[in-house]
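Per-chain numbering from 1; labels A, B, C and D assigned in written order.
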Amino acid sequence: MELAQLREEVLAANLALPAYGLVTLTWGNASGIDRDRGLVAIKPSGVSYDELTAADIVIVDLDGNVVQGAGRPSTDTPTHVALYRAFDQIGGVVHTHSTYATSWAQAQREIPLLGTTHADLCAHPIPLTRALTDAEVQEDYEANTGVVLIEAVAELGAAELPCALVRGHAPFCWGAGPAAAVQNAVTLEEVARMALLTSLLEPAAAPLDAAVRQKHHQRKHGPHAYYGQS
Amino acid sequence: MELAQLREEVLAANLALPAYGLVTLTWGNASGIDRDRGLVAIKPSGVSYDELTAADIVIVDLDGNVVQGAGRPSTDTPTHVALYRAFDQIGGVVHTHSTYATSWAQAQREIPLLGTTHADLCAHPIPLTRALTDAEVQEDYEANTGVVLIEAVAELGAAELPCALVRGHAPFCWGAGPAAAVQNAVTLEEVARMALLTSLLEPAAAPLDAAVRQKHHQRKHGPHAYYGQS
Amino acid sequence: MELAQLREEVLAANLALPAYGLVTLTWGNASGIDRDRGLVAIKPSGVSYDELTAADIVIVDLDGNVVQGAGRPSTDTPTHVALYRAFDQIGGVVHTHSTYATSWAQAQREIPLLGTTHADLCAHPIPLTRALTDAEVQEDYEANTGVVLIEAVAELGAAELPCALVRGHAPFCWGAGPAAAVQNAVTLEEVARMALLTSLLEPAAAPLDAAVRQKHHQRKHGPHAYYGQS
Amino acid sequence: MELAQLREEVLAANLALPAYGLVTLTWGNASGIDRDRGLVAIKPSGVSYDELTAADIVIVDLDGNVVQGAGRPSTDTPTHVALYRAFDQIGGVVHTHSTYATSWAQAQREIPLLGTTHADLCAHPIPLTRALTDAEVQEDYEANTGVVLIEAVAELGAAELPCALVRGHAPFCWGAGPAAAVQNAVTLEEVARMALLTSLLEPAAAPLDAAVRQKHHQRKHGPHAYYGQS
């Protein structure tokens, strides 16, 4: 894959965020990785989606150093590259402050698994990171945000858990590539919205039965999947 | 009626789902039946609404076997055909994960009859299916989803109850044809939304008076209906 | 004023309802009156807003008898004409099942006066009608809906109270003409939405101070109004 | 800067309010100041956004007297000019009745600092003004609304606090110019929305850790900011 193609995919992923209603103003960023070259393409910091072009996409290495591009990469770049370093199988990362997922992060609660829509995304509650220590905030805050995300996900792995909530902050999502990460971000937001409405209606709502949870997840994922055309 | 016409009606019903805001990504499907031929037209599994054409609509028999069409039919096909087999008078079925109806399904509560908007749709609370047993989930999950829907509806009948909530999952709606099923899905979602807001405002909200409930239902349905132009 | 002009105004008022997000499907209707002729122009029953033309608008007399027009007038026509007969100063009536105002009606609660947005519309809580008796429902339901609306409004008058909630049903709004009634319906819905959110956040929220309430109302209404350009 | 340019900036800021979904009907206004001339450009009162042109923007002096323009300036003009007189560093002011910020104002609660989105806007809770006395309401209501806003903000200053809620009324926001004030109004509304959802989900939600709050604020503001391209 050429870097030019990766830049286009990352541009498309970034433009999809406002189109799906996941971002306000400039709050969000998507990236993609070229594993062969060890290079990550990411949105420049604070640039309006209206004006974003493929040429603005910044190329960084896996330490976050700029390799190509005139602009400064997203301030969240150290978090993205930490995720790429930790999880070999992911090809795209998306960060947004989408309304409902962020509300769960602010409530400092994981998202319980209340229905089959959630099970289609992931067979587990959506995890919440631990609080950063003051030292972690003051030194290398964005890289340490990656550290706590990786801790929250590591046991089950990034294939089982396509997203997590940073406590008091907002979600990060990932997938096989930038477009898959966007799909997970869209799904997470709707799952978060329905979980919040369900919780308001019935604070003691029971989690989805384990059998249905496994069934739905396996319909879409894994060796016996039968959802879709492939 | 030609199958080509049924395919067009089913295509239109499927495209109406994102247009009415009832589906996110590819989560939803509409079907219609040709009762003379015993054939059902249904959305292919996991295909984007943007790309869907009449030629993609899959034709299956009442056992869910593909009769025409290159793609795999919706994974929910066994649920659709179970409903068509059980209820002679229905001509269209719609399944969505629409936000508010799904939140009631996740809260594992029927939707109480709180106002005349609900009574215009149906003179009863919207029922909730019983939980599937583990065996029902593991063997023939989608057909068994049909089984519990039919159980929930059978006593009053599919004419009296145009929709039901699958526990922990989402709604199924039906009607005289695909377009009528879509109208019921749109109405159910708004009824679910207002019932949720009403319940948050007043958890002990009283059900609608029986006299008003019957009056509104009879204005739109049955031998003395006087709503509309026909 | 020609009837043709009234028809156009009533058409525009009806088309404004879906444009402002106040109606789902065909649930809503607007009317206007020609006081000189004693004739009311109103939406036909159950017709889609997409297809509605000025020629479809039905003309009825103040008893609700059709004077011009091929279609059947709105089933709510007896409510509209009852309001026109009771309140000389109103020139337009709008009925919707708008989400938030209807949720208050279903909760069977008047809308408390919690802020200046409400005071700009009306210096009082939005009243709720009493329950109809079974006899009132069974005989002449729509006219009796007018009766309870008039009872709810009569003491303060239709100039002081531009709208009311029918218990278990939905709002009716009125104004100097059809366009003014639409503006009141738009305002009521936003007032209802903010009152609901306020009440969820703070169930014991205090009503707006009387001095501010009077000040805001008088800025927009009455002899010393100084809002706007006239 | 020519006044013509200021008028264009103020027109653009006013038109941005409905585009961002912050205003219903005509409820909102934006202004900007030419500090050299001591002149403020502001929306005319009660004019529809659809019809607004740069020529309609009214120019007033810092006492609110009209200097140029055929229309009557916004009724809230005395509040705007009070803010400009009190806070030298601000160049634009925006007032809306945006849904969620207004709901907090109606609940008579400051907006707690629950997440990093809020910290990006402001490192403090969003303050709520004290109640106006009856005398303050009856004499010079709009100027006294400025008085209580200034009281609420004065201790920390208008640079630290880019907005405040008028008790029982709605928010006022400000910034370096009209466009910056609009951005703050957009951000405040989303912050208010997420804080309300968070509070419903978890009424005892803990405020954001002080270290993260300072970090996020400093990423975007102050001498060591590293967000954006400048």
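Everything below uses one rule, namely that a contact is a pair of C-beta atoms (placed from the backbone, for glycine too) under 8 Å apart; a residue touches a chain by one contact, two chains touch by 3 or more.
Fair warning: this is a prediction, and the values are worked out from it, not measured in the lab.
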If a chain touches chain A and chain C alike, it appears here: B, D
Using the touch definition from the top, list the chains contacting both chain C and chain D. none
Among all other chains, pick the one whose mean CA position is farthest from the mean CA position of chain C. A
Same-residue or different-residue interface between chain B and chain C, half as cut-off: different
What's the rotation angle, in degrees and to the nearest 5, for a C-alpha fit of chain A onto chain B? 90
Could you please state the distance in Å, as a whole number, between where the Cα atoms of chain A are centred and where those of chain D are centred? 32
Distance between chain B and chain D based on Cα centroids, please, to the nearest Å. 46
Of all residues in chain D, which are in touch with two or more distinct other chains? 200
Topology of the chain contact graph, where touching chains are joined (line, ring, star, complete, other): ring
The chain pairs that touch are A-B, A-D, B-C, C-D
Could you please specify the touching residues of chain B with respect to chain C in the complex? 114-117, 120, 183, 186-187, 190, 193-195, 197-198, 200-202, 205-206, 208-209, 211-212, 215, 219, 226-229
Residue numbers of chain C touching chain B in their complex, please. 24-25, 27, 44-47, 71-72, 75, 97, 99-100, 102-109, 131-132, 134, 137-138, 141, 168-170, 196, 199-200
